[in-house]
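Letters A, B, C and D mark the chains as written, and numbering starts fresh at 1 in each.
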Amino acid sequence: MTAPYVLTMVLLAIGIYAIACKRNLIKVVIGVMVAEYAVNLFLILLGYRTGGFAPIRTEAMDQAAGAAEAAKSFAAASVDPLPQALILTSIVIGLGVVALLAAMAIRLHEKYGTFDVSEMRKLQG
Amino acid sequence: MGVMTTLYFLMAFIIVAAVIAVEARDLLSSVVSVAAAGAGLSIIFLLLGAPDLAITQVVVEVLCLVILIRAAVTRKDTTYDARPNTFAVVGGLAFCTLLCAVAAYAFKAMVPFGDPKMTMSGPYLLKSFESTGAANSVMGVLLDFRAYDTLGEATVIFASIIGAYVLLRHVGRRTDARHESDR
Amino acid sequence: MRGMSPIVRTVTSLVSGFILLYGIYVVLYGHLTPGGGFAGGVVLACCFILMVLAFGAPFVHGIVSERAPYLWDCIGALAFLAVGVLGYYSGQFFHNFLVPAASRGADPTVSAGNYKLLSSGIILPCNVAIGIKVMACLFGVFVVLAAFRPAPKAQED
Amino acid sequence: MESTLPILVALPLAVAFVMPLLEKLREPEWLIDLIATLGSLGLLVLSVRLVGAEVGPYWMGGWDGTGGVFGIALKCDGLTRLMLVTISGVAFVAVLFSLAYMRRYTSKGFYFCLFFLMVAGMNGVALAGDMFNLFVFLEVAAISSYALVAFGCESEELEASFKYLVLGGLASTFVLFGVGILYNLTGTLNMDQIHAQMKGLAGNPALYVAAGFFVMGLGLKAAMVPFHAWLPDAHPSAPAPISAMLSGVLIKALGVYTLARVFFSVLGPAPEYAAVLMALGALSMIAGVLLAVGQWDFKRLLAYHSISQMGYVVLALGIGAAVLSRPGGSRVVAGLAIFGGLFHMFNHAAFKSLLFLCSGATEYATGTRQLKELGGLKHRMPVTSACCRVASLSIAGVPPFNGFWSKLIIIVAAVQAGYLWLGALAALVAFLTLVSFVKVQRYVVCGELPERHANVREVPASMCVAMVILAVVCLGAGLLVPYMMAPHVGLLDQAAEALAPGVEAVEVVLGGVAP
């Protein structure tokens, strides 16, 4: 079953479309954000196990089955923690990119008085 | 409702919100829609067993919303009547269709949803509590097994804040430096 | 930037203490419950941002300078790096030097974990460093982007 | 020796984290300068010490597989060492140049902070033995470079940086998708472990999608031709030492090195990937030089030549991959191609950084970078002119400078691999490059000195020293070609061997091509 993966591609396509076709700087920023959502969604889908639970061990588990047993049953049923660590990093990186983009958009708005890309033509190519 | 139904529902919601965010004529609606998509994403995180990410996503979303609204939406904007570049629209749509079609074909060969190969992370789950003392395996991975990545992540956010400071300086170049250095 | 109505100010002054407390809890107990340095740091930053929005820019000018956030940013980053370098003390960069070596895989009966605040070695100090860093960072982003932006040109240098 | 590997990342990070504190405390400027110089010198010493040494993988946090737990590995093979030496060498020279040059800008502390973050990111990329770690440090280097491009805060610089940031952000998303697909297929992130599973995955369509994502993402970072739109704006907009870093090492570390790493060390050479690399390389090579010939802005012209010269490197790597993946393909020819590509990458770092520094020096002295407004600088600025001449001759491929040898090796390898037309194309591009740089010489160094530049004088000593160092490297690498290739130096031959195991490139070159 790989249909959810394909849906994240649709989301990525929406982001790319916004970046390529929209002339408003804020719309471009939104396009970048949507593309980042797509990749975060993709990674979390990679880590899910059917019927799995959050990868957090609790004292109750240990008391119910004993520490050694609890470790095994926990590892057998929990979802994959690695993609979650990757997504946490990726969310932070996305936030950094958005902050930088917003700073540039503000500065460009100060210089040109508009968010319209087509009115910024100081560069040839 | 089973997990799958909820998941498809939420993904459809995110996609609709993203389309509205991209196509809305009003910038405020756009920004609010993209925040709605982010909120949907955080519910998916919760659904798929990632409460850490759900918390982080929600607060980051709020912060992005605040930044975008304060920074952007309050400013004058003149692009409402702008007509999109036809060539770019056709090219963009063609590329996106191609991407989705290729993905729909090729992703059938991926390891299916719900049954990941956990070559690297299986031992992480097994050893996280015993070896690092972190009952939350995500923290065990993030700050012990893969702490070096987290150093990089902290550096990225550091670089972006310093970058924002640098970009928002009032004066970038010194105009009087010429005389100083020519002395 | 002006503040908001008295209702908002009163509610803010009531809840901000609790939000701060929650943020600190999320940072400190990251290795046992969902959360951690990053999420907690953002919660703390959001609390400060709420205060700025409610009480207005003069309030912020009164308590922090424009340059204060990245000072703390640097301190947090250096602390995190220092934890990594201290790992050399017992072998490798980012070695978890505070947990017993025997619990690292060789002997399955020895366990580092006991569901206590101090059970997880370097994870707690790392979380605290990241929490400080992220709080300062994101509050700083907000301050430069929104609160101080239409400032007079007098601060140039 | 292994324990120095994390220091290569930790040292620049520490310098970067300290810099804003100094800015905050308003310490005298000499302290910032001193720390920056010592930091970059320390990096250079550390990376030169690694040359020729046998350094195994370094496991972060000691998670080396005991009990089945694999942490992040730092890998240090020949290619890594070549990159480390190039990065820290150019960084040292750029810091020297910045000491005087950056007095023209405000906030020197922030400048060096971002500079060292970029260096740390590139070192991290070069050392990464783990796909996600590669991505993270890619982002560290990229984000600091976005801010550095707009360091002057002029409107065209902001515009260029915005474009660069949007495309760079998209590129990172593509790379992360590629990493995600690889993780899904193999369940691991370690490069060697992924590579070990590649045999079982051959022909899997999802793998080709991942490769496509890597080509798009890393092609954007390397500014290969269909993805090059940001580079001619971004590289000229930055302050000159940053342009030198961006063109000299950043597009190599983030683009070409990662492409080589992913397609050789992770996915393994295959005919499809080789065809894509060759197509990208040939297209960039020819389109870059054609766009460059018509430029009148000094830095913009250099930026287009960067695209073209990177095309040579990618083309050579593509030829190497093609020969390696042929059944019964000669490993000697493959080694020759890869060796040529890597040698050209090293040479390009030297001469293109030097050219950008020269353009910065002329801009510093005269205030313009339009070729038509310059001229006759050899009378007033002898050091800059001489260095500019050396670099132009190098990039144009005039013997005995280093650019000639690397281009010759690439052309010979193309011919021996059976791609006659690619060799001819490379020779044609070399000729067009020569034409373009004759124009630069004619309008900058020779000719009449315009009246408005009558009071121009030579730039400060530290800038001159920086340029002279690079000029010596250009000339030295050309004159000492046999020495550069000698096995006991262990720089280039080991780098080539890292990509094509078991190839003795050195003996081939010494026996066949070199004098």
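Here, contacts are C-beta pairs under 8 Å (C-beta built on N, C-alpha and C of every residue); 3 or more make two chains touch, one makes a residue touch a chain.
In this text the structure is predicted, and so the values were computed from the model without any measurement.
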{"item": "Chain pair with the higher count of C-beta pairs in contact (A-C, C-D)", "value": "C-D"}
{"item": "Geometric centre distance via CA averages, chain D-chain C, whole Å", "value": "36"}
{"item": "Centroid distance [mean C-alpha coordinates] between chain C and chain B, Å", "value": "20"}
{"item": "Interchain centroid distance [CA atoms averaged], chain A/chain B, Å", "value": "3"}
{"item": "Contacts with 2+ other chains: residues of chain C", "value": "32-34, 36, 38, 70, 73-74, 77, 81, 84, 93-94, 96, 104-105, 108, 111, 113, 115, 138, 141, 144-145, 149, 156-157"}
{"item": "Residues of chain B engaged with two or more neighbouring chains", "value": "51-52, 56, 60, 63, 67, 71, 103, 107-108, 110, 116, 118, 120-122, 124, 126-127, 129-131, 135-136, 138, 140, 142, 144, 146-153, 155-165, 167-169, 171"}
{"item": "Shared-contact residues (touching 2 or more other chains) in chain A", "value": "12, 15-16, 31, 46, 54, 56-58, 82, 88-89, 92-93, 95-97, 99-100, 102-107"}
{"item": "Overall pattern in which the protein chains touch one another (line/ring/star/complete/other)", "value": "complete"}
{"item": "Complex contact set, residues of chain B against chain D", "value": "102-103, 105-111, 116-124, 126-127, 131, 144-149, 151-153, 155-156, 158-160, 162-167, 169, 171-174, 177-178, 180-182"}
{"item": "Complex interface listing, chain B residues touching chain C", "value": "51-52, 54-56, 59-60, 62-63, 66-67, 70-71, 127, 129-136, 138-140, 142-144, 147-148, 150-151, 154-155, 157-158, 160-162, 164-165, 168-171"}
{"item": "Interface residues, chain A side, partner chain D - complex", "value": "12, 15-16, 19, 25, 28, 31-32, 35-36, 38-39, 42-43, 46, 82-83, 86, 89-90, 93, 96-97, 100-101, 104-105, 107-108, 111-112, 120, 122-123, 125"}
{"item": "Interfacial residue positions of chain C with respect to chain B in the complex", "value": "26, 30-39, 42-43, 45-46, 49, 53, 69-70, 73-74, 76-77, 80-81, 84, 93-94, 96, 99, 103-105, 108, 110-115, 119-123, 126-127, 130, 133-134, 137-138, 140-142, 144-146, 149, 153, 155-157"}
{"item": "Chain A-touching residues of chain D, taken from the complex the two chains share", "value": "132, 136, 139, 143, 146-147, 150, 153, 155-156, 158-162, 165-166, 169-170, 172-173, 176-177, 180, 183-184, 189, 229, 232-233"}
